[in-house]
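Pasting in a structure now, in structure tokens, and then I'll have a few things to ask.
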Amino acid sequence: MYLARVVGDVVSTHKNDRLVGKKLLLVKKLTLDDEFDDSVEVIALDVVSAGVGDKVLVVQEGSSARTIFNDQKIPVQAVIVGVVDRVDIER
Amino acid sequence: MYLARVVGDVVSTHKNDRLVGKKLLLVKKLTLDDEFDDSVEVIALDVVSAGVGDKVLVVQEGSSARTIFNDQKIPVQAVIVGVVDRVDIER
Amino acid sequence: MYLARVVGDVVSTHKNDRLVGKKLLLVKKLTLDDEFDDSVEVIALDVVSAGVGDKVLVVQEGSSARTIFNDQKIPVQAVIVGVVDRVDIER
Amino acid sequence: MYLARVVGDVVSTHKNDRLVGKKLLLVKKLTLDDEFDDSVEVIALDVVSAGVGDKVLVVQEGSSARTIFNDQKIPVQAVIVGVVDRVDIER
Amino acid sequence: MYLARVVGDVVSTHKNDRLVGKKLLLVKKLTLDDEFDDSVEVIALDVVSAGVGDKVLVVQEGSSARTIFNDQKIPVQAVIVGVVDRVDIER
């Protein structure tokens, strides 16, 4: 899992059946200093009703993702599994 | 999943049996600014009839890929699962 | 597995059910020279009661992680599986 | 899958039993401009009798690899699954 | 799989039960020019009795790793599966 921020969404009408009705959110990884890590920009599905601007927990692993949707056939890698309230870092 | 653009295709006559008859498309990852991310260039199979120049959704995970083709023995990692109509980014 | 240091924790009240009650630790990979590798910052679950500041062993692979928790449905990638006593490097 | 070129081979007499008798080829990823991508150098097994100098298709995913060899216990990640005849890129 | 050199080992007395009694070796990836690739430093388990200084074959994939140990519950990603005698590169 890693910290990320939801920065937008993607509209795709012509897509795999299993993805129909699923919201596709654009997320960008955050560093511990709360800055964007440009090297990690992915499209994630969502199970916690996150919105654009939210700081979230992203799990990026196929089996985890499919289990969350109770659908062993959904083609998915990244899922938003939590909204972050607070990050405590000891420096 | 990530955003990518189809930039070409690959011809291979001598290949694994499970890949025979499958179109091999070259895709290049896109940044949120719609520029190419040179570090991610892969060969993807296609299930939505995408063509060269299309902006697409790519899922890159073996189990997802095999499930889409209903073939647990096809050697594949990346599959094009959607054609992108629009990307909305909040800045 | 890789060497990492626990640098903080994450609070998320609104998250996937399987993660409720699990402590979410922020870990940062260490180089062999004991410096932080900024490119690897992840959120790990813990099974050895590691604390902030500890040098730990992190395994980052979904199946390993789920097996450790005896929960095939927990969405998790990284788990702290050991606290490091000593690293011997031959130079 | 990605494009790569076979650049050499590896000799190892003392190795895991499942790998005995398997040729270990060194492959290096190619960019779309046909240059070497130094960040991806792996050892691949081969099922299409590729030789040094050949431009090939490499699939790098454990389950795909094991399926190709019909051996669920072979420790392998990367396999050469095709020899490339031609790459067409639209610029 | 990739080429690596064993550069040290890690001592951890407080660790997951499945790892008790397993030697934890520090390995660093090698480029084809036999130089260290600093971006890949991992802790590997060993099945070929490799020692510090040896040039080895590392497979980094969870399922492969667990199969080698005949233990579907061992949390492991990287395993040393061969000692390298010779690398032939055509330039």
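Lettered A, B, C, D and E in written order, each chain numbered from 1.
One rule holds for everything that comes next: a contact is a pair of C-beta atoms (placed from the backbone, for glycine too) under 8 Å apart; a residue touches a chain by one contact, two chains touch by 3 or more.
What you see is a predicted model; the values in this text were computed from it and never measured.
It takes 70 degrees of rotation, in steps of 5, to superpose the Cα atoms of chain B onto those of chain D.
Chain C and chain D, compared by their mean Cα positions, are separated by 32 Å. With each centre defined as the average position of its C-alpha atoms, the distance from chain D to chain E rounds to 20 Å.
Residue positions 39, 62-63 of chain E are each in touch with at least two other chains.
Interchain contacts close the chains into one ring where each touches exactly two others, per the touch definition above. If you walk the ring beginning with chain A and heading to chain C next, you pass the chains as A, C, E, D, B.
Residue ranges of chain A in contact with chain B, taken from their complex: 7-16, 19, 24, 26, 28, 38-39, 41-44, 52-53, 62-63, 66, 72-78. On the chain B side of its complex with chain A, the touching residues are 1-3, 31-32, 39, 47-48, 57, 59-65, 67-68, 79, 81-91.
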